[in-house]
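Both complexes below contain subunit A, partnered by subunit B and then by subunit C.
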Partner chain A sequence: MIEKEQLVKMIDHTELNSHSGEKKISNLCDEARKFGFFSVCVNSCYTRFAAEKLFGSDVLVCTVAGFPLGACTTATKAFEAGKSVEEGAMEIDMVMNVGALRDKRYSYVKEDIAEVVKACGPALLKVILETCYLTDEEIVEACKICVDAGAQFVKTSTGFGAFGAFPDHIRLMRKTVGPHIGVKASGGIKNFKEVWRLIQAGASRIGMSAGVTMLEGFTLFKYAPQAWLEPEIPCHVCPSRHASLGKLPKALYTYYKQKCSSCPHKDEYNKFYD
Partner chain B sequence: MKGWMGKILKIDLNSGTSETLDVGDDLRKKYLGGRGLGVKLYTQLCTPSTKPMSPENALIFLTGPLTGTVQTSGRYQVISRSPLTGTICDSSSGGNFGAVLKKTGFDGIIVTGKASKPVYLWLNDSGIEIREAGSLWGMKTHETQEKIKEQTHNKASVACIGPAGENGVLYAAIMNDNDRAAGRGGMGAVMGSKNLKAIAAFGTREVDVHDPEGLKQTYALVNKLIDKNPVTGKSLQVLGTSVLVNVINAHGMFPTENFKRGVFNDAEGISGEKIAEMILHGRSACYKCPIACGRSTRTSKKEGEGPEYETVWAFGAQIGNNDLQVATEANYACNELGLDTISTGNTIGCAMELWEKGVFPESLDWGETQRVVGLVEDIAYGRGIGKELALGSKRLAEKYGKPGLAMQVKGMELPAYDPRGAQAQALAFATSNRGGCHMRAYLIGPEILGQPVLMDRFSTAGKAELVSLFQDISAVVDSLSLCRFLQIALGLDTFGLMLKNVTGIELTDEELMQIGKRIYTLERDFNVKAGFCRQDDMLPPRFLTEELDEGPSRNRVVKLDEMLDRYYALRGWDNQGNPLEETLTELEI
Partner chain C sequence: MIEKEQLVKMIDHTELNSHSGEKKISNLCDEARKFGFFSVCVNSCYTRFAAEKLFGSDVLVCTVAGFPLGACTTATKAFEAGKSVEEGAMEIDMVMNVGALRDKRYSYVKEDIAEVVKACGPALLKVILETCYLTDEEIVEACKICVDAGAQFVKTSTGFGAFGAFPDHIRLMRKTVGPHIGVKASGGIKNFKEVWRLIQAGASRIGMSAGVTMLEGFTLFKYAPQAWLEPEIPCHVCPSRHASLGKLPKALYTYYKQKCSSCPHKDEYNKFYD
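The block that comes next holds the complex of A and B.
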């Protein structure tokens, strides 16, 4: 079981919506101070604003680069990251070039990351893989490239993709990068049970916008913990179940559904819905 | 001690005399207020042999330590012994009455005895007055409230009964601030049995707060937490409680035609979305409530408030009706007549199934919309078959030799969730201290809405633990006299913070949980002494043996036995549900 004080220090308190203005960012910073979150994660135009709001506190500013698609040029990402560091960001979450990785242009992907590592200087770099658009093999490859390129963290999702973080992906990422590289889970995380599952799977940081409401629910966790942590129906926490033809490329959707058809939990799932 | 006013008024209607009680800090710390303190006081004033409708029965109106200070703190609780179930019972209502009552300088009122003629109580800064209410007897609730305001103060808040309470309908409600109801358990019938038509209150005293600056900060935090929670910050605000119609129906557990099915094909027509399209003309809020789940509505004939989720179900799917206007007007009628909508609609559904099975003497078909409002009036006035329906579904089904067709627990009609689709909610229904009620523990939160987390609704694993936990927390929130929607958005820490700011009493979440457990066990202990046992912690056989045959909850039954033993053990009760001596000692009961 994790203590509340430990938990808050694993959370990047996040607000990355396009429609959020200074008032929301200001609230985000106030909440991060009040609850003692590790950082606030904001779009790069709010870096200076957040840094000023958090001056004197131990809450860091984390900013994104190439967000949310990761499809801009390396120079653009590097400039955005460097500028953010200059304005007070201590951590940068960049989006990997997902299309390049799926094209197997691995050196391009590595160079893209390495350039941002340089631009970050003393700041820490997390690389968002956008795992929903990758096969397991591609996730493994992407993790290796991130480590080789000098990134300090790999991260699952932007929160704007087809789906967010799942324990299966976190386990795979942790296994690939080993114990000394950070693994950040993000995207669609709403409550302490999901947080707990991801931590158990190997996440060392959690990015979420529902941190405050999650903590309210967390007070219940210590009562009847065995009840809250009863095992899930495996399909409910499996990315394959959340694959949607409307949101994924045809090939990826087929990939996930093929995984379902050979899944050892298939019978259990069918029994549940019988 | 700050927060509480420190005085409770006790009135004996036999003699017309009153006295002031100070229950003392010890009881306030152990039972807080509202439900908890009310139950404790009730057990001191009455015994398990006290008849619910007798003059000896006490009827207690209580506020809580936070009343008048924080969000949703206009509520009050009514505590007595229920004529519907025979259990100890508390019924809660929103609006402003609780806050206004407290501002008269009293934390609550205890009423005993029976007036020789109809009376109402007028409580204000100068004290209490017993006033003659002969001219008000027979009036509906809105008119009663208006007349009493004319006679007392135009800003008075009035809690009253309608014809249903006067005529002893076993599920009569107490209504306040127009359409807010202490609905469940027949508290209105107890009030009527005392010839007490209403209590009117208006006061100007302020609640003394321990840490006003701290409270200001906590108030802002609570607003933020309410706003951030998807249920309190969005769904309830936009669509009201009826947002649940489509949600519950989609889970195959929207009880249809007396719980025969879990899917209502016409659910869309009575949904929160449809209410917003067809009849909504505004939102309304209780005292200091930022959620404002109340719906101001208008049909082609009338206007009023609601229907809430449970009501649109009770006069919708439960009786096979898909006409939103009819369900809305039946709701208006219940409010005006002073009836609990859940028990009313559920009992009508029971009668319809009895007719379908060929044992009820009067034709009553599913979805017979033109008769619904008239039937509601017949129940309130005890006319025709309404007289039988006024006794509730349990007595009705027993009379016609089909007790299994009453969808009730301990005599109280079940609300709008088929327990076959949610095992923890099923256990919560079965073990509820006041009977078939979702408000003792709302496990729909974790089992359907994912609040605070989504649980496997068909599994029984860990469910005894969750039910016990939710029952205890709910007892705390009811005893703080706050709205249970806050329980969705706030953790125990935040409730503790509010209590500290207002009263200066610092309680850890463990201590708050202990208070909840104490209250729940005290209620249970009273019920056991009144003759309730394991056999009463039972659901109608339909849920245990008949599988739902369609929808996402198909092929399911409730596995009650798998959970009940574990639940008793967790509670510190024996296998018949009797609290053990050491449990009572540990909880200082």
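The block that comes next holds the complex of A and C.
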């Protein structure tokens, strides 16, 4: 089990919607102070604002770069990250160039990350892989490149892709990067049960907007630990279930469909690709 | 009616998915040359690549900046735009700071745009309002600010928001900016019928990924013009219909719901907010 004090210090309290204004960010900072979250995670136009709001607390400011597509130039990502560090960000969450990774242009991907590492200086860099658009093999490759390039963290998702964090992907990432690199789960995480599953799978940080309601759930669940320690039906937490053609590139949809049809749980649970 | 030659020259042939690689962009450029589209619209990591592919043709390169959230710093948007112009972009589609507009921080919004106008130099600047997150009053305000700041175009959507372009919004934007500023419709536009509706409403440019299949439709529709010139059922093309709480900020969902409940068509067609 986990204590509340440990749990809150794993949470990046997050607000990245384009339509959010200062009031939302201000509330986010107040909540982070009140509950003792590790950081607030905001868009770069709010770096300075959040840093001022959090002055004198031990809540860090985490800012995104090249977010959420990761398809701007390397120079732009590095510029954005560098400026955010100047304005008070202690952590930067950049998005990997997903298209280049899928193209197997690995040296481009590595250079893209290495330049942001440089721009970050003393700040910690997390690299968002956007796992929903990658095969397992590509996730492994991406993790290796991130470590090689000098990033301190790999992170699953932006929250703007086809789907978010799954224990399967977290396990794969943790296995690939080993114990000394951070693994951050993010995207669509709503409650403590999901958080706990991701921590068990190897996540060392959780990015979510629903941190406050998650903590309420955590308190309640304490009284009935068995109910939420029960293993989940595998297909319910399988990325394949969420792989819809609407948002995924066709190749990846096919990949998931094939994975699903050769899965040992297929006859027991799967209702999705019959 | 419209001739094919005019129609193709209104299309920004668009590919902005994070997972798209060089092959997709290469095909996009080939199609744009073949069909004579006005431009290709790509993420900034592909500006140079597209410019090289299109060298010697009359298809322009259009690159996005601060895309799709518009929530990076002004300096980052201007940096990205300026570099893209250096690398061969003739048009820049930037995203307005939507949160600041909703906060009524109008001088920030104007300055944000004006700095990118400067960075664009000779290139044309379109400003994406992300209309799905704005009330009608905010759309009008945003259009005025864009014109004041020196932008040559206002544009509806990124394609990554809650919904895309609607004739109602285009009409409002055209009415506000007058005849000398461009109005670009974008986001979720799939076929000629939709394109035609948006042009009739006042759009002077269309951003879409489905330009090639749209043209096939255009050719077919020529034989049965009545079928697609018929007026649409109002509620089918009303933004309110697409305003779901899942993606919209609560205030905007309420706004649309109220609009809907006082609409003259409510008893005839509306089935959404009963």
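General remarks:
The definition used in the following text is that the second predicted complex is superposed on the first by the 269 of 274 C-alpha atoms of A that agree within 3 Å, B and C clash if a C-alpha of one lies under 4 Å from a C-alpha of the other, contacts with A are read in each partner's own complex, and residues count from 1 in each chain.
The definition used in the following text is that a residue touches a chain if its C-beta (ideal position, glycine included) is under 8 Å from a C-beta of that chain, and two chains touch if they have at least 3 such contacts.
Only a predicted model underlies this, so the values are computations on that prediction, with no experimental measurement involved.
Among subunit B and subunit C, the chain that touches a larger number of residues in subunit A is C.
Applying the stated contact rule after C-alpha superposition, one finds that A:D148 touches neither subunit B nor subunit C. Of the two partner chains, subunit B is the only one touched by A:V212; subunit C is not. Residue contacts after overlaying the shared chain place A:E86 against neither subunit B nor subunit C. Judged by the touch definition given at the top, the superposed model places A:S44 against subunit C, while subunit B stays out of reach.
When the shared chain is aligned, subunit C comes close enough to touch A:V98, but subunit B does not.
Touch criterion not met for A:E137: it reaches neither subunit B nor subunit C. Residue contacts after overlaying the shared chain place A:E194 against subunit B, while subunit C stays out of touching range. Using the contact criterion defined above for the overlaid structures, shared-chain residue A:D58 touches neither subunit B nor subunit C, since it reaches no partner. The touching residues of subunit B, counted against subunit A in their complex, run 221, 224-225, 228-229, 450-456, 458-459, 461-463, 465-466, 468-469, 473, 489-494, 509, 513, 555.
The touching residues of subunit A, when paired with subunit B in their complex, are 27, 31, 34, 190-194, 210, 212-213, 215-220, 223-224, 226-228, 230, 232-233, 236, 272, 274.
Within the complex, the subunit C residues that touch subunit A are 16-24, 43-47, 67-76, 79-80, 83-84, 95, 97-100, 102-103, 105, 130, 133, 160-161, 249, 252.
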